[in-house]
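So that you can tell them apart, the chains are marked A, B and C in the order they are listed, and the count of residues begins at 1 in each.
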């Protein structure tokens, strides 16, 4: 137990990142290349910080921020959903990158480029774990049954999805909305946990990290995002020596994963398992 | 105002050049190269290295830097992007894979330079490359010789590039590959060689822009290229992917808007303009002003 | 069909002067035809005659540039492509489009989902019991379809491991799991062995015997003329012949269309 309390902040960070990683995975899974949830993460953290400074109860803040983020995501998603992969990626990237500029210029309300400090801690680890478990449950349900099949079709073969009657546009902006909502949720949690918020929580560095999380684990399922978030948060700790070269390390990992394990760690494991099964069957017959 | 126009001319020229390079790799190879900013930065860093430690003139440094950065493009293509292109799957999947890989490569390049410079901004004093300010019309207009060079080089190259694409066999092959890669292969165009050369040209442009702008700004910092990629993107989508004229219009327009903001408005919003433009254009008129290809909606 | 209908039942599918033009190319030119319910139709024509484009128009994958399409008497020329499944038209494609991340049964379920299986998330959570029944229905329908094509033993297999012929049959299962009134088959037997070809054609005939209407587009004239009850011939986007298969194949303009292009001509 001592280990947990010693590293509590790191565990909290991991849990928050798990939600953020899921928010990226949930859209990538549908073939929607949206990085917008990182921006909503930052917005959510500011909202969480500011609202908790005003004494709002934490659960209310969580719900409000998540719902508002989801609604905003839905309304941005509708026009953006028609954009093809790369264009959507850049549009959401632009959104993520314009935020620090706007937030830095927000005067005392947003604390300028340094952000806000001294925010009361109004969420404990227990609540955090519960929230993460709930998120995982909901998302795992969305990966089953017709929804799971539809999102797979949407990603792999859009014409097929259309001829199967899948309302492609609608599924896209729903995915976008869910992603935004989760981003905002993760953000508000971080705002209420870590005592400070700043504009630097969105930017190329964070985006690289979050993408790494979603992709390293495997973007087919939430489990991949969880694994990715855990690895990305803890590898720098275990490999303390990389220190300043952290970003380089993750950059190389991203490239390596894209080249050799496009389905991430989870995909590699699944491939290994099914190859073993096939091998066993061949031996048996 | 004249000063503003002059400044936006030189800035815009760099933007145009840089955007052309990005547009090239995008339209011909489907690669949205987010490492392009890092390549730009490498060009500038090169100028700093040679200038500070080995006294050499621009005539030598420039081509060497251009070739060096072009080489990074070719190497990255050979080892990484090429393999991601041939992977089976939807084009969106391979484009996404290349995008993510480019993000990774950008992190690699930037971290190396970050550690080499200890994260600091490095200064290229104007004496190194003999940067001088030229006055016109008394004291109403000040342009540096490097700004003149930037403008002239960029305009000349843009025109040369446009001619190249329109009239040479290679240029036509590039355009064809942008539209229909499969048919190209069938027609006997060696796709890999085509792509390598395209990448080299693209990288070279980034290096060139980096050297020139680095000297003009007199400083080099490992993250200096990051905002440029989004700006280039803004330029490209204003003008339409694959359109040279569009990139030209977009580049000068953006430079003008930014210069105005810096001179008359809150200068901290300079970078935000391009971001806002991207979002607005994509929402309102995604095809851009001069779109060359038929728009592919998702 | 109500009691006040005319003595002749309305055609299941009717096109009036249907045209599809893209970029100056007239792929389909003024095609007018009728499909009666419960029959097996063939559509043939040399390469480039516009057959696939015609199918794409019928399934709303391409925009029509002129004319009308009616299904069960109502005009569906401008409906969304995603709505085609719900009016009762389903199709297979020339290339195999199975998802390798799903097993055979799940691929077929994708088709079964399209008929009422995709309840909104909220409904699922509120009416869980009803939704549960719906999910079982979908699973059953998929199993039935798979059974119908004789592949229920392969339900757990990865489609990428199956032979081309079997993959095609899975696609047909997926299409019929959508419970269509009209099934469009686009070059279903291309690249198949002779025995696989016969199996697939017999399957089509049995589907028609059960009341479905099937339109098969194919290059293999011998096979099409032997199984279809009515044959259409297209050439350069025009419908040049329509009628009894053997009579149609003996028409001089049809012969010219084929011999002139050097295509596969029946013995």
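In this text, a residue touches a chain if its C-beta (ideal position, glycine included) is under 8 Å from a C-beta of that chain, and two chains touch if they have at least 3 such contacts.
It should be emphasised that the depicted structure is a prediction, and the values quoted were computed from it without experimental measurement.
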item: Chain pair, A-B or A-C, that carries the greater number of C-beta contacts; value: A-B
item: Furthest chain, CA centroid comparison against subunit B; value: C
item: Centrality ranking, top chain (CA atoms only); value: A
item: Between subunit B and subunit C, centroid-to-centroid distance (C-alpha), Å; value: 49
item: Whole-Å gap between the CA centroids of subunit A and subunit B; value: 30
item: Chain centre separation in whole Å, for subunit C relative to subunit A (CA means); value: 41
item: Residues within subunit A bordering two or more other chains; value: 156-157
item: Numbers and ranges of subunit C residues touching at least 2 other chains; value: none
item: Subunit A partner contacts - residues on subunit B that touch it in the complex; value: 26, 30, 32, 80, 83-84, 87, 89-93, 95-101, 103-108, 110-112, 114-115, 223, 226-227, 230, 233-234, 237, 266, 268-269, 271-272, 274-276, 278-279, 282-283, 286, 296-298
item: Interface residues, subunit A side, partner subunit B - complex; value: 28, 31, 33, 79-91, 93-95, 97-98, 101-102, 104-105, 155-158, 172, 204, 207-208, 211, 215, 244-248, 250-255, 258-259, 262
item: Contact footprint of subunit A on subunit C as seen in their complex; value: 59, 61, 81-86, 90-91, 93, 97, 99, 101-102, 106, 109-111, 113-114, 117-118, 121, 135, 138, 158, 178
item: Subunit C contact footprint on subunit A (complex, rising order); value: 142, 145-147, 149-150, 152-153, 156-157, 159-160, 162-168, 220, 274
